[in-house]
Amino acid sequence: MEVKKLWIDGQWVEAKNCYSLTSPYSGEEIAKVARASVQDVERAIVGAHATFQSFKKTTSYERAEILYKVVELIRNRKEEFAKILAMEAGKPLSVGMMEIDRTIATYQFSAEAAKQSMGETVPMDAAPGTKDRIGYTKRVPIGVVSAITPFNFPFNLVAHKLGPAFAVGNTVVLKPATQTPLSALVLAEVFKEAGLPDGALQIVTGSGSELSDILVTHPLVKKVTFTGSGAVGLKLKEKVGLRKITLELGSNAAVIVEPSTPIEKVISRCVTGAFGYAGQVCISLQRVYVHESIFEQFTTAFVEETKKLKLGDPLDATTDVSAMIHPREVERIKQWIEEAKHQGAVVATGAEFTKRTMTPTVMTNVSPDMKIVCQETFAPIVSIVPYKNLEEAISYVNSSDLGLNAGIYTNVLTDAMRAADEIEAGAVVINDVPTFRVDNMPYGGVKNSGYGREGIKYAIEEMTDLKFITIKTTF
Amino acid sequence: MEVKKLWIDGQWVEAKNCYSLTSPYSGEEIAKVARASVQDVERAIVGAHATFQSFKKTTSYERAEILYKVVELIRNRKEEFAKILAMEAGKPLSVGMMEIDRTIATYQFSAEAAKQSMGETVPMDAAPGTKDRIGYTKRVPIGVVSAITPFNFPFNLVAHKLGPAFAVGNTVVLKPATQTPLSALVLAEVFKEAGLPDGALQIVTGSGSELSDILVTHPLVKKVTFTGSGAVGLKLKEKVGLRKITLELGSNAAVIVEPSTPIEKVISRCVTGAFGYAGQVCISLQRVYVHESIFEQFTTAFVEETKKLKLGDPLDATTDVSAMIHPREVERIKQWIEEAKHQGAVVATGAEFTKRTMTPTVMTNVSPDMKIVCQETFAPIVSIVPYKNLEEAISYVNSSDLGLNAGIYTNVLTDAMRAADEIEAGAVVINDVPTFRVDNMPYGGVKNSGYGREGIKYAIEEMTDLKFITIKTTF
Amino acid sequence: MEVKKLWIDGQWVEAKNCYSLTSPYSGEEIAKVARASVQDVERAIVGAHATFQSFKKTTSYERAEILYKVVELIRNRKEEFAKILAMEAGKPLSVGMMEIDRTIATYQFSAEAAKQSMGETVPMDAAPGTKDRIGYTKRVPIGVVSAITPFNFPFNLVAHKLGPAFAVGNTVVLKPATQTPLSALVLAEVFKEAGLPDGALQIVTGSGSELSDILVTHPLVKKVTFTGSGAVGLKLKEKVGLRKITLELGSNAAVIVEPSTPIEKVISRCVTGAFGYAGQVCISLQRVYVHESIFEQFTTAFVEETKKLKLGDPLDATTDVSAMIHPREVERIKQWIEEAKHQGAVVATGAEFTKRTMTPTVMTNVSPDMKIVCQETFAPIVSIVPYKNLEEAISYVNSSDLGLNAGIYTNVLTDAMRAADEIEAGAVVINDVPTFRVDNMPYGGVKNSGYGREGIKYAIEEMTDLKFITIKTTF
Amino acid sequence: MEVKKLWIDGQWVEAKNCYSLTSPYSGEEIAKVARASVQDVERAIVGAHATFQSFKKTTSYERAEILYKVVELIRNRKEEFAKILAMEAGKPLSVGMMEIDRTIATYQFSAEAAKQSMGETVPMDAAPGTKDRIGYTKRVPIGVVSAITPFNFPFNLVAHKLGPAFAVGNTVVLKPATQTPLSALVLAEVFKEAGLPDGALQIVTGSGSELSDILVTHPLVKKVTFTGSGAVGLKLKEKVGLRKITLELGSNAAVIVEPSTPIEKVISRCVTGAFGYAGQVCISLQRVYVHESIFEQFTTAFVEETKKLKLGDPLDATTDVSAMIHPREVERIKQWIEEAKHQGAVVATGAEFTKRTMTPTVMTNVSPDMKIVCQETFAPIVSIVPYKNLEEAISYVNSSDLGLNAGIYTNVLTDAMRAADEIEAGAVVINDVPTFRVDNMPYGGVKNSGYGREGIKYAIEEMTDLKFITIKTTF
C-alpha cells in the first residue's frame, strides 16, 4: 500500500515514519500515512513563512479567484470527497454530502469575504485639539497560521481555517486529525489546481501530541487556530505566548422544549440534532429539557423516531448512523452509560454496543452531575429531562461549564426573548436545535467552550492585525 | 405687545410685516411675530452660506461641545419651554415636559453622533487588475439646509433638523410652523449661548406658502428637510431640483391586537397612543384592528379608559387633552365624523365639540374608505375594527397609501415575525403602539408617508455628501 | 432583416413599430429594433410587479447564484459581446473587451454584495427611559425599478442597474439607449439561462422621449435609475414624485498636474483618459491643469502621444479611436471648437472631421467660459491649461457646475491632502486621471453631476427601503 | 499620617498591612497606603461579581449618564488631580494637566460609545438552503474585569480600562501601580458621586507580584486588562486560561525623518515626543532615524532644543522634566548608557544624573543591539541615527521585537504610503512622532508590544462577548 506523503512547498515529501490508517467502521487499513517529525513541521513552517512574503502582496481579487476556483473544483468532486469521509471518518454518505455542500459554502463565503471592506476611517477630529489629520484602519494578514483540526468535519472545519486564512493572505500549516488525513491531503491537489502558490498550504500529518508544541511555539507562527477538545485547547493556549489563538472546543448542547412547540414538526429535527454523525459534533444535541406537561408525549415520539435510524456501513446510502470514530470511544461512552445507570438513569432506547458502534441512545431519569449530562459525550446519546417552568429550564441549560450553541423551542415571544437574554451561550437558537449552524454566522463558545469566533468574517478578524494609519495633513 | 423679530446672522432683525399669534386654547393673542419677506429669507440664506465657509472647518469635537452645551441649557429651562408649548401649541404641560426630555435626548444623540466614524475604507484591490491603491469615504457637510418644521413638536422636530445639521457642520435656515414660532425663536438664545457661530442658525418666521419657494429653490440651499403634510411635501420635492430632500409626512397609523395580548396591560398605552397631544402626531394611533374574539372586551376597556382623559387648559398640570391647533381643524374633523356617521359609523365615545376642542373620540363600525380611516385625521379620534385572522388584519393595515410606523400586539413569535415581514411600513413595532418612537431609531415612512429617514445618524447620512478619496500609492 | 423584439415576461414580444439601427462607424443598418409603445411599457411594468411578488421572497443565496451564473455566461461570450459593442456603439474591440471585463466584475460584485449584512441592531436602551426592547434594521427590496441607460457603456452601465437590483430582489424594466439595444437584448438570454425568473428583467427598446414618462410615473414603479444627460435627468427627477431616483449625469472632468509628477509615467494614462471611447465617457478627461513650470513639456508630450492614436474601424483590433456615436454629435463638437477658436483657443493637434469621426483633439489657450471647457464635450477633445499654484488650480477645477470625479497628480503629501479636501467632486483621485473607476467604489457626482451613488453596495442602499423592526420583549 | 484604605463594595476598608508611598522627586513620604492581601482581593472580586448581576441590566443610557457625570466631576477638579500626579508620579504640572484633559476625553468617549450600535444582522439566507430565519449579534458584558495599571498615566490609562468596562456594564477590580495609588483612590469618590453602584468599582492597592495571581486566575474574573511591562504581561497571559486578556506592553518607538521634512517645524515636537514625562511613556520616541543628508542639521537642532528643557520640581509650573519614577530606574538607565558608551555610543547632550533624576539625553553613534536602542528605555533618552535611504530606514525601524506606534516624517506621498505598508507596527503615524495618540483611535502593538487593542470602542470589543441570536420564524 502506497504511503501518503506530506505536502510541503508544493511537493509531496516523504516522512521517515508512517502510521496505519484504519476505517472506523470496518477496522481495515485504508492507507499508510506519513507521520511527520518535528523537523518536517519546522520545514513546513519555514516554507509557509517564505511564501507569506509574496502571498501577502497578492490582491484580494486574486485570492478570491483562487477560492472561487476551489469552490468549482470541490463541486465537481462532491461524491468522491463524500466517500473519503465515509472511509476515514465513518461518516454516512448522505451526511458526508451535506458536509461537502457546507464546505463549498464556506469557501465561497471566504472568497466573498476577501473582497469586503475591512477598514473604517477614524474621526480624528473628535478628540479635543486635534485637527488636520486623517486616520483609517486596515486589516493586515498576520503570517503563518497553524491550523489543527478535528476528525468530525474533516472538510468543513478545515475550510473554516483555510478559507479565511487565504482570503486575507495568510499561509497555513495544516495538521489534520490523525484519523482524517485523507480529506486534508486531497486539498493539496485542489488548491494547487486552483492556483494557490506553493507553500501557502502545507499539510503535515501525524500525531497531535508530538507536533502541537512546535506548531504553537515556533517563532514564525503568528496565529494558532484549533478545533478539538477543551483539555488540549487549554494547554495550547498556555503555550501560545503573545500569538493570536482561536479555540473551538466542545459542548454539551441543550435545547428547551416549551409547551407551545408543535412537537410533530420538530421531533425529526431534534433526533437529527442528537444523532447526526453519531453525535460526534461539537453542537450535537445532548440535553433536551422538556416541559413536564409534554414530557411524556415528547419522549415517546423522540424514542420512536430514534428507533427508525438505521445503523450501518457509511458507504451504504441508506445508513443514518455508523461507527464511532474509534473503539476506545465506544468503550468510554459505554462506561459512562453504565455509571449513569448505576446512579439511576434509564435507557429509553439504544445502548447496544459492538466493538465499533453503538445504537442511538435516549436516556431519561438523569441527574445533572452524571458524565453523560455534564461532560461532552461526543456519541449518539441524548438525555431528556422534564422541567417545571422556563426559569428552571434556563437554569438547567446554564448549569454547565460549557456554552456553545443552545436552543429553545417556543412560540411565546416574550419567553423567546427572555431565553435569548438569559441563556449563557455563544449562540441562542430560537425554534431550532443547537446543532443549527450556517457557515457565515458567528460561531464560538463562552465559558469552557472556546475562545474567539469563527464564521469567515469573524474568523478573519482573528486572523489579521488591525493596523492604524494616521496622516497629519499639514506641517 | 412687542413684536418678535427674525434671527439672522446672530442679530434680531425686524421684518416689515408681522402677524398675530393666538393661543389655540384661549384664542387670545400671545405675541406678534415677524412675517419674513422673501428678501429676508434670501438674506438669511446668504448669511448661512457665508457662515458655512468657516463652520464646515470646525472639528467634530467643537461641534459636539456646542451641542452638549445646548443639552445643558435646555435641561436648565425645561419648565419654561414646556410653558411655551402650552401657550402656542396648546400642548398640555405634562406632555410638553416629555417633549423637552426628548428634545434633550435628540441634541445629546446629535453631539454623540458628530464624533462617530462616518467613513470606511474601500477595498480597491477587490477589483480585477487593481493594485497599489487605497480608498476611503468621508461624509462631508453639504452647506445650507432649509428646515421647515411643523407645529406639533416645535422643540423636538426642530431638534431633529438642527441636531444632525450642526453635528456635521451644515448651517440652517429654520422656518418654524406659523403657529409655533416662539419655541423656535427661543433657540436663538440657546444656541448663541452654547457657542454656535452667528449665521449658522437663521430663524425666519412667517407664512409657509410665501416662503417655501425661496427656501427650496435658492441656489445656495443644498438640502431641504421638511416635516408636514403630504401635499406640501410633494410640491416641495417637485421644485427641489438636484438638491437633497427629506420629507417626513403623515400617516394613519394602525395597530393590530392579537388574542394573545394581555389587554389590561396595553389598554392605557393604546389610549395614550391615540389621544396624546389630541392625536396631532404623525404616528398617532388612528386605526385599531382587534381580533374578533376580544373585540368587545377591548373596545369596552378602551372606551372606559378614554373617558378618564381630562380635557382642559394646557397650562393645567392635570390636563390630558387640550385644544386642537386651530378651530378650522376642529371644523374639518367634525365634518369627517358627520360624513362617517352618515355612512354607518358609530361614535362609541367622544365627538363633543367646542370651537377649539373635541373630546377624545372612539369610532366603531367604520369602513376602510371613510376619511377618518383612510386619511390622516390629526385629531383625537380613533377607530376600532374587528378582524377574523392575522392575514386579514395585515391586509387592513396595508390597505393604505400611508406607511410610517405600524404596531402589532401579539405574544406569538411566528405571528410577530410574519407581521414584521408583511406589514408595509417604515417601522414595525411589536408589542407597542405605532406611536412609539425614540430619537435614535431610524424613522420615516414608505408609500406616501415620506422620503428619507431621520433619527440623527440616519438624518446625518441624508445631510452629507459621500466623498470618495482614492490614492494611487506608486507611480 | 429580422426585427428585434421586446423582452417581456420571459417572451420575445413584437412591437407595432420598429426603427432602423445603424452602425456609428459605417452608417449601415445593422438591425431593425422594436419601438415600444407606452402600452408595451405598461405591460412590462405590470409584469415586473407581478414577478416581484415572488422574486422578493427568494433568498439572497439564490439571487447570488443567478448572478454568479451570469458572470460565467458572460465570461464565455466575451468576444461576441465586444463585437456587439463595436457594431452598435462604435467601440473599438480592445476597449470593448475591457468593458466586458468590467461588466463581469460588476455582476460578480453584485453577487457578493447580495450576501452581505445590510442591517444593524439599534441600541434602544440608549434612549432615556427605554428598556426591554430590541431593534434592528433590514434593507427590503423596493419593487419595480425603471432603468434608463446610456449608449456609452451598454454592458457595464446596465450591469450597474441590474446587478444591485437583482441582488436585493427587485425587478427591472430596462430601457436601453436607442443606439445600443443589442447589448441589452442579449442579456435576455443570459439572464434566462442563468435562472432569473421570467418578468424580473423586462427590456423595452425605443425612444426615450416617448417612454420616459411612463417609466418614471407609473404607480407600480418604485425606483428610477438613470444614467445620461443632465437636462433629461433633471426633468425625470421633477416628475418622480416620492419615488426614489438615482441620476448619474455628466461632467467635464479635470486633472491637476503638479510639478512633482513624473510626466513620462503618466502621459499615456492621461491620453487614454481623454480619448478612450472617443471621450464619450462621463468621467472622460476634459480639462488638464498643468503647473506653468511643466506646461510646455507636458503639452508637447501629450500632443505627441495623442498623435499616436489610431482612428479607424472599431472592429479592427488595432483601432484606438473610432466613430462618434452620431454625426450630429460630430457636428456639435465641430461648432464648439469653431466657437472656441474664434474666442482665441488654439488647436494643438486634431480637430479633423469626417461625417462620423473626429481626430483626437488637444486645445490650448482656452478660457473657462468656452463650451469646450465648461460644458460636457463627450467627444475626443481635451484642453490643457497652465496655472500658477495649487490654489489657482483647485479654483479652476471647482469653477464648474459639474463635479463627478476629479484627479490630481502630485507626490507632495500635504498638497494631495489639501486637494482631497478642497476639490468639489464626488471622488478625488490622487495620482490618476478622473477617468479612473473600479466597479465597487462609490461613484456619483455633486453639483449638477448627479444624485445618489452607484457602485453596487452604494446602489443597493438606494434601491432598498430601510425597514426598522422593534420588539418590546416584555408586557 | 492617615493610612489610605481599600475601596470595596462602596466602603473604605482597612487592610492588615500598609506601605509607605514616597514622592519620586523629593523622596519624602506622601502617604501610607493599604497593602491588600489575597483575601482582600478575593472579597473585591466576589463583590464585583455580585454587583455585576444588577449592573449588567442597567441601560446604556444610564451607564452613559454616569460616565458623563464623571466627566463633569473631573473637569471641576482638574488642578487637584494634576497635583496628585505631580506628587506621586513626579509628573510636571503642565504635563499632568494634559493627562487630565485626556482623561476627560476618554471618559467622554466611553459615555458616547456606550450608546452606539454594537450589533449587526446576519444574512441567514445567504447560506444555501436557509430560509425564514433572522439573526443578529449583540455585545454582552462579560463580568468582572481585573484591571492592572501602570504608574505613567495613572488617570488616563485607568480611564481606558474603567471607561469601556462601565460603558458596557462590566464591573472592575482595579489594581493601580504601587507607586500611583492616590490617583486611583480618588476615583472612588468621583464614581460614587457620579452614581456608579457600590461594588462596580473595587480598588485594591498593594504589590503586583503578590496580587496578580488571584486577579488573573480567580474563577469569577472574566477579563484581564493590563498595561505594563512585557515580561509581566506574558506571564499573566500564560495563567489566564480561557479568559480574555488585553496587554498593552512597551516599545522602543521610532521615527523616520526624511529629507522633505521641514525640520524647524517638527523639532520641538520630536523633543517633546522623546522627553515628555521623562520618556516614561510606552510610545516615547526612543529611536530617531534621520536621512544622512540632514542628519547633522537635525541633530544639532534637536540637541539645542533639548537643552532648553528645564529639569525640576514637578509642582513647579515651569518644569518640563522631573524625577524618574524610582532611583533604581535611574541606576538602570545609567548603566545602560555606560554600557553603550563602552560600545562606542556618544552622548550628544544630557546623561547627567542625580539619585532621582537624569537630564534629557541624546545619543549618537549607537548600534542596533545596544540596550538603549533595542530595549525599552522608559527614560529621557533618545538615539539619533543616520540612514542612507528609505528602505534602510524602514528596516531599522522593523529590526525590533517591539512594534507599537511608529512615525515617519515625509512630504513625499509615495514614500508615506510605502512606510504605511511596510512598517511593522500597530499604528503608523505619518508626519508626527510615534508618541501621538488620541483616545478614540485604535491603540495597541504587534510583535511583543501587546495583545489586543484599546481606544474605547476597540477596547469594548475585547471586553464583551459576541452573542448571536437566531430565530426561525416559522415552524
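Lettered A, B, C and D in written order, each chain numbered from 1.
As a convention for this text, a contact is a pair of C-beta atoms (placed from the backbone, for glycine too) under 8 Å apart; a residue touches a chain by one contact, two chains touch by 3 or more.
A quick map from chain label to UniProt name: A, B, C, D = Acyl-CoA reductase-like NAD-dependent aldehyde dehydrogenase.
The structure presented is a predicted model; accordingly, all values stated were derived computationally and were not measured.
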Each chain counted as touching chain A and chain D at once: B, C
Chain whose mean Cα position lies farthest from chain A: B
Computed distance of Cα centres, chain B from chain A, in Å: 50
Whole-Å gap separating chain B and chain C, where each centre is the average of the chain's CA atoms: 37
Averaged-CA centre spacing for the pair chain C and chain A, given as whole angstrom: 45
Residues of chain A whose C-beta touches two or more other chains: 109, 115-116, 122-123, 126-128, 130, 134, 137, 411, 413-414, 416, 430-431, 440, 471, 473, 475
Residues of chain C touching chain B in the complex: 101, 105, 109, 122-124, 126-128, 130, 135, 137, 234, 237-238, 241-242, 244, 247, 261-262, 265-266, 411, 416, 420, 425-432, 436, 438-444, 446-448, 450-451, 453, 458, 465-473, 475
Residues on chain B engaged by chain D in the complex (per definition of touch): 109, 112, 115-116, 134, 413-414, 417-418, 421, 440, 471, 473-475
Touching residues (chain side chain D, partner chain C) in the complex: 59-61, 64, 114-123, 125-131, 134, 136-138, 410-414, 416, 430-431
